[in-house]
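First subunit A sits with subunit B, and in the next complex the same chain sits with subunit C.
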Partner chain A sequence: MSKPVTSIKLVLLGEAAVGKSSIVLRFVSDDFSENKEPTIGAAFLTQRVNINDHTVKFEIWDTAGQERFASLAPMYYRNAQAALVVYDVTKPQSFIKARHWVKELHEQASKNIIIALVGNKVDIVDENEEERKVAREEAEKLAEEEGLLFFETSAKTGANINEVFMGIGEKIPLKGPEEEAQGSGLNVTDDQRVNLDSPGNADGPAGACSC
Partner chain B sequence: MNTSNAYIAGDQVDIPHSENAQLNCPICFKPFTTLAELNEHLDQDHGFQNEIESQNKTTERIETSQRVQPSKRNPRNANNHNSKLESSGKLISNRHWKKFTPGSKCNDCKRQLKKTSEVRNCRKCGNIYCKRHCANVIRLNMKAEYDPKNGTWYSCCHSCYELRPGYNDFGGRVDLTDTFSNTRNKMNVDKELRKLQIENRLVRIIDGIIKLYIAAGDGVMAIMTLDYQISNLEKSITPWKDDTTALNCNICRTNFTILQRRHHCRLCGSVVCDNKNTDCSNEILVRFLRRITADLPYSEKVPTSSEFDKSIRICSSCFDMVYTSRKFIVDVQSEPSALILKYYNLRSLSEVIDSILPRFEELLSNMEIAKELNKPPNATEISEMSKFRERLLRSFTSYNILAKQLLAITPANISEKRIQASIQTVSSNYIAEKILPMKNIPTILGNSTSSNESSTATSLADSEHSKIEVKKLSDLMNNLNVKEIKEYREELMVYKEQSFMLQSMIEKSKRQRNFDEVQILSQNLQDITTRIHDIQGKLGEQGFE
Partner chain C sequence: MSFFSSLRQKAPFLERIAESFTPTMSRDERFRLQYKLPQEEYILDDTNTDVSFLSPYSSKFNDDKKMYANGKSVAYVFSGKLFLTPHFLVFKDAFDETSCVLILNISTVKRVERSPSQSYAFALLVTLYSGTQILVQFIGLRSRSEQFCEKLKEMLKHNIPNAKRLPEFVESCYSNFLIEKNVLRKHSIAAPKAGLGQHFKYPGQPDVAKEKAKLRLWFEYFKENGCNMAMIQNRTFQKLVRIGIPSRMRGEIWELCSGSMFLRFSNPGEYRKLLDDNRNKTSMAIDEIEKDLKRSLPEYSAYQTAEGIQRLRNVLTAYSWKNPDVGYCQAMNIVCAALLIYMTEEQAFWCLSNLCDIYAPGYYSKTMYGTLLDQRVFEAFVEEKMPVLNDYIVQHDIQLSVISLPWFLSLFYTSMPLEYAVRIMDIFFMNGPRTLFQVALAVLKVNGDDILQADDDGMFIAIVKHYFQTLHESAHPDSEDIKYRQITKFQELLVTAFKEFNVITEDMIVQQRNKYKKTIFENIETFVKKTQIRRMPKTFNLSETEMSNIYDVFYQSIETHKISLGTGSSNMTFEVFVQFLGKFCDWCKPCKSDDDPVYKKQKKNFLRKLFNNWDSAKLGELTINDVVLGLDKMVTPDMLELINYFFSLYDEDNDGQLQKDEVLQMSEGLLLLTTPWKTGKYVDLLTKKAIEDDIADEIVKESHPDQETVDKIELPAGVTIDEDKYKAQQSERYLKAASSFLQRCFEYARPLELDQQVDLLDLSDDEDKSEKDKEQQKKKFAAIVANAALDPTRPTVIDLATFRMVILADETYELFFTTTLRSSIHLEEGADSNGNNQVLKSMFDGIIADGRRVAAQVRRRVDSVATNRSRTESIDTANDQATTVSTATATTRGEDLDDFTADHPEEHEGLLQSSWLDIDEDGDEQHEPRQERKVETMAPSIQERQQDLIEFEA
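Presenting the complex of A and B:
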């Protein structure tokens, strides 16, 4: 309870059907669904994780990959602290799109945004190496040039998913307790909440009837 | 067998062997078409069957009978009438039947038929069908011709069923227009007569009242007796219905009570209430009635004195009869309202635009073709086009102004308000629809100006001129071209969708008591709403979908 809480606004970008929503679903509820409907607009989810002594709260905006929702993305990455650019390791086209997203983020998003490049669906490649269409080296090279974190994940098996978010959480400058106190109303922390367990809150003995 | 049978039937009758010749029964002279039928007739009706023993019944005969009467097994033909006729020997001709060979196909579904039991011959055309496609019934005579009166029911194929004369997919049709118009005319005549009667009574009552009023003078006693006299006069002209049997109002059917009094209409005599809400009857001033029915042959003049305040009670249906048709005529003859006048102007303006636009569009497409072929545009065409554009532009502007003026008029009544709303929809649609094709002009002309620099000075000047016009046009359209409008509209749609989703997400989070999530989502919703307003502002009038 006394751990300082940091909120991280995180946005997922990438071509349609690369598995953005599945990554989030795996991270938030450790679940996977085989036939997911395409996302409409942008979905919002939150998840708390403990990193070292801190609690990090991820506010995740999962944007739709379809082209017609392209105009929505800037609204969400503009003041995001972190971005996940996702591509599909079996689809070269999605990697090209990922390059575009990285470029756009560097131009439009805030200067110290932390970007993670994520190659999804490695479970397909693990089964049959011939399915791989985007070389790991190529992606690593891009990550190195642009200063990105790089992961290859599988939302289906859950491989590397938590590592992605942990990696981002570790790179975000965590707030100290003194900064936390003057945080804006937007970052409601657990310190400010009413603790129902503490005896000071209860007016009378618990369970007693007033009559 | 046939021949032997016939000879036995009687030597005196020479049975003709030709197929077409008429066959008559030698005993009762009944006509038959085929020998087989005649034989059946002789066997069964005249009892020859017992004499000729079954020795003659060859396998061939059994086969024929099986083929002639398969319809007996058909449930649709199994009615008493039919089976009786068939068994009584009246058998339909089967000469025209197509022969069945294994492997023939059903003429309708083209299914291969293997067994004889599957096969049906259409009794009319004789073609081979499967059971399913020979299931219609039709009345045929012995020659297998359609005979709706005396024929017997036989199964037939669908095409014969449909091709028979008088067949109608939609069933029979009866023209009732004359009956309807007769009934209607009769009712109208009745109504006219009724109206005449009512008007007659009205004239007599009003004349009578005025006469009595003038005769009464000013005396106190006279005034007291006047009402009594008028009442008597009214009763003498119109027979009043018995009010003790009338339990409810003749028009609104409200029951009469102590408070809801009975009243008599002075024109039709029926018992009605005077409820102010239903307006079943009203006391109407003689002066007013006299004015609205000035065309009726009154003999007395309305007293000029302002003290003449007599009125008569008239029910709403009589009042309608007397007043409504007259008001309609007056309304039609009177000057149309300002709203309608403006609308006439608007219509004529839109007619002007409609007459110019086709030619203008033609010129535009000509120019597009010229541009694609990299030819310099025709100078005369350009000048003509710029002239047209100028006219169009002026017309559109005045159309717009006129429409706005029209909408600024305060409507006089509900119907005018409705008309106004309709005009608003129509005019805004009209502008949007007609102006959108004109947005192609900037790109075409813009290119033509640049590619045209080497050509003659006149055409250049013309293009310059048109460019200025185009600028004006795009001012009118918020500086957006078709593509931009489309993009903005799509964007607007996405944002609206997202804002809707956010609202539902907020609701969900609220239910789950997840208030920091609600806060983030509301913030986002606010951003989206601002963006929506931005786009709507940019789109302006083009924003509607």
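Presenting the complex of A and C:
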């Protein structure tokens, strides 16, 4: 019997050059390149991972970071079930932008969107703590206030990258017959459950419902 | 059938026609756009002519010369129209406007002479520096032709300085080099500077033999038809471009087709100057550029070297200074990096400039309106040309623009391999923006069958991505015919784009853009507003509507800023600030007193203080956030907060105390703010209360109404109020407040410690002023003299607590900080509303017309008489209050002072002392903190929303 597949539409948002595309590249191809071309408009990638007997297919929209592209963003976070709001731990300005994105998502995106706040480029901080310009505590505080998942990552070393996506995968209600049985065990904070009105429905083949 | 009804039937059709003919561009604009001429060009004159060309290097040249000498016609004669602009002669043939187009910068003209002509027609022989001769035979009236020639002569004369620069300029053109080396056999000359590709290899590693063959074709073309600044473009030219320009030649042809060559010629040194003038300056754009320098075509070897990066930095930076409204937009780095492979920095700079202005208008602007607009236009084309595909896309909720936007924005550079993208670019520069639409449509068309299998955006993107990566493959791999099999996908794409979608014309694009412009701009404005308001700092006293109004008026005031285009500074200067505030605040509105120099100075001083206080970044300009935060403080319902804020405006050194001169300034500020009431323009609550009381008294006295009739009371139409009396009273009250303010300030001021003594204003200053503004100043002066503390040798200060006490000591000023000031700031009025003025101006009329309010007063009097008589207080009180509340609610004129009613101090005392009265009931409508304050200060206080309470008459 094939594993049930859940599609998750995920969008990456954040200031230019904080490493959004690099996070995706690390997650999708376990690769890193120092000078990636800036994303124009948005890039689309997919990756399948297994989370507790389920296959989760991430449909990732990686968006352009420059301020003026912000007006295009709604096009991409439309119907998204999850969002990564990325900032650069060495750039305080990028954290301010991250706050704006969180606010916008709460106002404009789907009601139950799961947002992960991601502080990238910790490898720089690991080498020299003085480079850190956004305190971990500050980000944790924002995450707590706004109900976000929070991670500090390095796309360069790969640190914590998979955990981000796994974290999101575990938060999203999975489809399939076992869902009822396992769901509560998996997701402790699952009370405010997601409504499944998203386009993911197309991927939920009737066959998966073997009941 | 009547003419009109048939017309009505045709109306939609006619509208459509009208729409398509709406003159959106002037003739000159169209002309400039068609021939890519610089902005300063316009048509001086035009004439019908026959034109023939004699190239000095042409193989036919000698034969032609003979034929010409024999008086026969030259081999090729084109009939068409010749245009003259300040710097150009443009000829277009009448046949189809593409078989022969000559764009000639008149700097290239060496000599013009009248040509002998046997047909008695008027003809000119124009000789160029290159040796090419152009024979122009005028058709039409001789006088018109003479006129044209006169103008030409004039322009040639003006142009002499430019002509002197020509030889040096053409040396920078590769076409010139080809001619000199191969025709004139100057072997020693060096090739002009080229793009990065010359050293770092051109993308796609083009086949050398093929390149050489193509280059030779261009060489032949130049010999025959001229080159660079004076060249004929005919069908052969278009073919040469379509087969792919040889890499070495590409930069110049791009430059020529885009018209940027003319810009480079007419603005010598500007590129260098921009870089030099702005050296070491920083800007937001520069930060953004730096982030992307290493991320621009990083796989191309030149951009892994310092030299390549530096060139890119220079061009992008220079452009950001040239056009700060655009600054820098991601995708420009990629486009510019591509240009620099084929062009020198200066060439690329001008080419980028024309690209942003003409070819991709608004694509890279701060709001990217051009990108959004063209995506909408593209969707419309797909809907029209590929209905099946369009239906499918709509059905599957696929957002086309998600896929196509990067094609347009990066001109296919991020989608296709570089070698193919530059081929698209060849045609793009020649044919204009429609090229992008044609290619994009062709991509959908060619992949149509696959796309019709896609379920979602993701699959759609995957299909297209794969297609772009395999452009070099055969389009028909399974074909029997080898020739057919050799056609690559890229060739197929070009054929589809430029044959099948040749129907897409520049005019259609202009038309479609006009059609969707309004909606797109509106969407952008809504989006920008939403985003900005969301990002505004936290405020305490402003509602959403008020924020929205402030936003609207703010941006309406800054005329230079266009929200949808994202151009112009969005900051507010002092002058604009004064206008802006005038739209919201009664005391800042332009008025008669503005002519009074004293008032004018007071106004300016106060507004300056406010402006500087709001200017958080000390830029000398206000941002929308500054304005919102500032207004938020001004409209606080907390009187003490407002008093503190007012104090802090004058306490600029923040030491918690004000010196004498600061106190004087402050009193002037108060005088200014209270001017509208002092002059009787508006009525404050105390006056209003007095008027209503008086009217009610009068009615009670005259008509002795009893409880039954009071509901029917209407103000007699003829009743007039002695307007002047109340005005005078109010004015007197404000003047008194001002003078006692100063008096008290100095009375309670405490001496400054010796070491803090500073040079203070001496009295002579005050005397100067008193001449100008006699009465006030006299009073003020009297107050000052009366106060011993004013001895200039004994400087004194007042602190916040004293200031507060002084304000609270005066009924009028206390009221001013409690409600009057706040109610004079009309943030709830929308940007387009100006009804507010009207209402306020007719304040006195308003009272007369509003009989119900007076009736309520009358009723209250009657009630209280009854109450006293029957001693059944509580029931009546309840009734009474209910009535009062309901009348107040019914009052529509609610936005101003009318909503509040002043209580007399005695009433308050009575209120508080009457143990039998149910205070809680009143308290419900009051804000707790203020209730406390009232008790605390025991000063007369006027409560917001507190409706008239029961009158207690002894």
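Note that in this section the second predicted complex is superposed on the first by the 175 of 211 C-alpha atoms of A that agree within 3 Å, B and C clash if a C-alpha of one lies under 4 Å from a C-alpha of the other, contacts with A are read in each partner's own complex, and residues count from 1 in each chain.
The rule is simple: a residue touches a chain if its C-beta (ideal position, glycine included) is under 8 Å from a C-beta of that chain, and two chains touch if they have at least 3 such contacts.
Small disclaimer: the values here were computed from a predicted structure and weren't measured.
Undergrad: Which chain makes contact with more of the residues of subunit A, subunit B or else subunit C?
TA: Comparing touch counts on subunit A for subunit B and subunit C gives C.
Undergrad: Applying the document's definition of touch, where does A:16 land relative to subunit B and subunit C: first, second, both, or neither?
TA: second
Undergrad: Determine, under the contact definition given at the top, whether A:104 touches first (subunit B), second (subunit C), both, or neither.
TA: A:104: touches subunit C, not subunit B.
Undergrad: Quick check on the superposed pair: does A:75 touch subunit B, subunit C, both, or neither? Answer first, second, both or neither.
TA: The answer is both, since A:75 touches subunit B and subunit C.
Undergrad: Classify the contacts of A:59 with the two partner chains as first (subunit B alone), second (subunit C alone), both, or neither.
TA: Both partners.
Undergrad: A:40 contacts which: subunit B (first), subunit C (second), both, neither?
TA: Both: A:40 reaches subunit B and subunit C.
Undergrad: Mind sorting out which residues of subunit A both subunit B and subunit C touch, each in its own complex?
TA: Common interface on subunit A, subunit B vs subunit C: 40-42, 44, 46, 59, 68-69, 71-72, 75.
Undergrad: What residues of subunit B sit close enough to touch subunit A in their complex?
TA: Touching subunit A from subunit B are residues 490-491, 494-495, 497-498, 501-502, 505, 515-517, 519-521, 523-524, 527-528, 531.
Undergrad: Please name which positions on subunit C make contact with subunit A in the complex.
TA: Contacts found on subunit C: 288, 291-292, 294-298, 329-331, 333-334, 365-368, 372, 397, 399, 401-402, 405-406, 409-410, 414, 455-458, 461-462, 524, 527-528, 531, 534-535, 566.
Undergrad: Quick check: in the complex, which residue numbers of subunit A touch subunit C?
TA: 16-17, 33-42, 44, 46, 59, 64-66, 68-72, 74-76, 78, 100, 103-104, 107, 199, 202
Undergrad: Under the definition above, what is the set of subunit A residues touching subunit B in their complex?
TA: 40-42, 44, 46, 59, 68-69, 71-72, 75, 185-186, 188
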